[in-house]
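Mind having a look at this structure? Questions to follow.
For clarity, chains are labelled A, B, C and D in written order, and residue numbers in each chain start from 1.
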């Protein structure tokens, strides 16, 4: 069991790391994203699994990000992600557009220890044209002319997500959000924030085991209460639409975003000290 | 919710079907295997996921099986599977040897709707030499000479396994035995025996959802109490080692096997009527 | 004239428009009819728009044996293997119908969810293509939906193809667009000739007004019918049991469109 | 002379054999030493034999920071994604050590788990190769274990190669056999020359007796040492806390070998 503080966890993410995170509907660690902004991390390469949400948006806005590989960056109901959009227009980040199942497949390739994974679709899309790292081969099991895309395995340096709880041996539980398990399997390190640490061992409980990630894949755990907010956390708490709408309004301008950052990221740390 | 009887379920499996089943440590429906023997099914092509256990052994012994594709057929602690061994020696079944992860990968290829999946290992093994349906290609993401095996997708006609319970909308729950979920996803039909049917909807319960298989993949459900026995069922009941040891002793000879069948398969049906 | 956001509740008209209704309700009913027009076992619905979700619930509440997988449903989310399960399910060929939109949609049913200007959208950047480059080719069929019907959205040729409307021979593809539903009309798509034809006109529209609002060329018969208005029964379902199902995921939409005054 | 099943409990001997012990205990200690001889973070253990499992528990109980994933553990099974997780975990390069045996093992460390006679084993059929063709090449290293040491098992060339001992240049492979532990001796494997060398002799064995019982040629120094017997401390751990951990999965083994009389 490798319990650490949120700040120590953020400090362990080096500048330039390939950092993979789920979006708002699948347990992002917004708490860690804010801690990374406070730590002043730079040059992150973000992987949105399979898209980017609020956490990706604020990291981009705060200048922490050099590259983004994902299928979209969106604030969901609150619309476009304004700092992401501004960064693309300004050319200040490199964007590698994906399609959602490609992200999953590239991670599953790493999960299985194979160098690539095939994927249907994509042929005829400009997304493929802009991915020289994706190869197209004749399907060796298909008729002549049946081409298929091969996607290279991707192994993030760091996976970050928020789980409901950790047990005393370092397993974490996040129920049906199994994409986070694949992400942990595929990544070199998995940093997990949790609401709480509980006694026992999830693997000894048949009801909890299937929603657990074995500690073998978990590099560090930090307690961050309401650490997914404004995103929802299963049946623990709901999406904070008002918070995101307020953000979206303020982040229309760089000045408004900086004001938001000061209030919601930097002031929070001072308050917590 | 598609509740049926065990006999009707067995009757729905046509002669010659490609039938996939997990082995003794991952929730076989031994009840359905026995019902299939009583129904007199013939010409089954069995896929052991990833190996065959007690259910495969008795189906082979009863003459229901034409072909077996798997990585092993074993009775675990009770040793070699005597009727499987006899059938191989007699040449009465076609055996296609696999390696465990290949079975999983071929099913995952179907799960993902891709025509093949790569797998490391295997090169230099005679298993590969005897699988002309498995291709070897140069890894397009590797250095020259880095060859890798491509396995074709396999989609069983019928998947059969035993779950703990079904809910009132036809979801089934089997906890951490997620290979059965992949099997259901990959197969044209999934036949599931369960201990019991319970009210509610597993998907509405965060604790149960991650161990559930959505009803969309489940073709039929039949109640079969202790339907995995002699195999264990999670925390519901343990492995019946004495039953298997008794079987292994009797099945050393064809005559002994027939005596066992009469007592443990055919007489059981009469008793149940 | 098309209804605007300030004038959404159309006035009752002749025998075909017996009940006052919102444009959103008309569009949901349009989509529901397109769903029922073909055998449809399993529909997946993204969060993109509540109108397709309303259409699916309407079909279900009308008694069709359809399974709905709503991606962003928080309680009772259908996927127990995380977000990849939708794509796997679709890869398996189990999804008969999906919905897509686009920042731009062109006359060959190509979709642009990337942006305008140089790749990756240096002039206008849309959020991104999500799973469209896969879903559009792997689902049984797709209903395209975009409420805004203007030459800006419906273009001759999209700036960037997120997902292609048709594919070259030999490319593995399960289905195409069935139709494109907008705030002004319904287009049917003909993959064999990669062209839309005008299927029906929403109230106030003519073939000429559609041509004026559409950047791509399309086929039109001499007598394009009016889009049939929602029946009283359809509206009652929408405002009642459909609204009930949608309240958790789309509270704002339900308040704005269904208003609940109608159901009271 | 090797101990037989009727004579498993070896007699106490000179200063190196202070405590009476079973052959299984000696073998478990042998394997534990091989584990500790190299950095080992994560070991996976199949159900094949309880002796490697006992060795792993011994290492853990000796305080080494090793993670054990026991495939057939019923309560607290380490895998939450079903049986494929072991293979994925190994594919990821996270498994440092695995154990394999074989119906036949040859001098190049090739394993035959298929059978004898024509493929697929028409003369003698073994249960099958399980995951060996993958695991042997994808784990950091493998300890081969086969208690029976006879020319029938240890052959010059296996009838069928389930899993190859060495691979051609360019073939992706993470590791090889570290050693082969039998009821008579310990062989070390040298992948660079695809040959075994005799590492130590169990009590009662000589180089000549090993040569006589072995179907393959191997290297042997002039002075091959005796296998060091279990220490009193190792035996106490085996019979105490190791036995406690193994009781659920291997009750018959624990009763037969550890007997619990020793621990009392």
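Operating definition for what follows: contacts are C-beta pairs under 8 Å (C-beta built on N, C-alpha and C of every residue); 3 or more make two chains touch, one makes a residue touch a chain.
Worth saying up front: this structure is predicted, and the values here are computed from it rather than measured.
S.K.: Chains in contact with chain B and with chain D: which ones?
M.R.: Common neighbours, chain B/chain D: A.
S.K.: Comparing centres built from CA atoms, which chain ends up most distant from chain C?
M.R.: D
S.K.: Can you check how far apart chain A and chain D are, centre to centre, with Cα atoms defining each centre and the answer in Å?
M.R.: Chain centres of chain A and chain D, defined by C-alpha means, are spaced 42 Å apart.
S.K.: Need the CA-centroid distance for the pair chain A / chain B, whole Å please.
M.R.: Comparing mean C-alpha positions, chain B is 36 Å from chain A.
S.K.: Where the centres are mean C-alpha positions, what is the separation of chain A from chain C, in Å?
M.R.: 29
S.K.: Two or more other chains touching the same residue: where does that happen in chain D?
M.R.: Each of 75, 77, 79-81, 87-88, 91, 138 in chain D touches at least two other chains.
S.K.: Taking each residue of chain B in turn, which ones touch at least two of the other chains?
M.R.: 101, 112-114, 119-120, 139, 142, 148, 176, 178, 181, 209-211, 235
S.K.: By the touch definition up top, name every chain pair that qualifies.
M.R.: Per the contact definition above, the touching pairs are A-B, A-C, A-D, B-C, B-D.
S.K.: Across the complex, what residues on chain A touch chain D?
M.R.: Per the stated touch rule, the residues are 110-114, 178, 181, 185-186, 201, 203-204, 209-214, 216.
S.K.: Can you tell me which positions in chain A touch chain B when the two form their complex?
M.R.: Residue positions touching the partner: 101, 105, 112-120, 135, 137, 139-142, 148, 150, 152-153, 175-176, 178, 206-211, 234-235.
S.K.: So in the complex, which bits of chain B are touching chain D?
M.R.: Per the touch definition, chain B meets chain D at residues 22, 25-26, 49-51, 70-74, 76-77, 80-81, 84-85, 88-89, 91, 95, 97, 99-102, 104, 108, 119-128, 130, 139, 142-148, 176-182, 232, 235, 238-239.
S.K.: Under the touch definition given earlier, write down the residues of chain C that touch chain A in their complex.
M.R.: 47, 72, 74-75, 77, 79-84, 87-88, 91, 113-115, 119-123, 125-138, 160-164, 167-172, 252
S.K.: Chain B touches which residues of chain C in the complex?
M.R.: Counting only chain C, the residues touching chain B are 42, 67, 69, 75-81, 87-94, 138.
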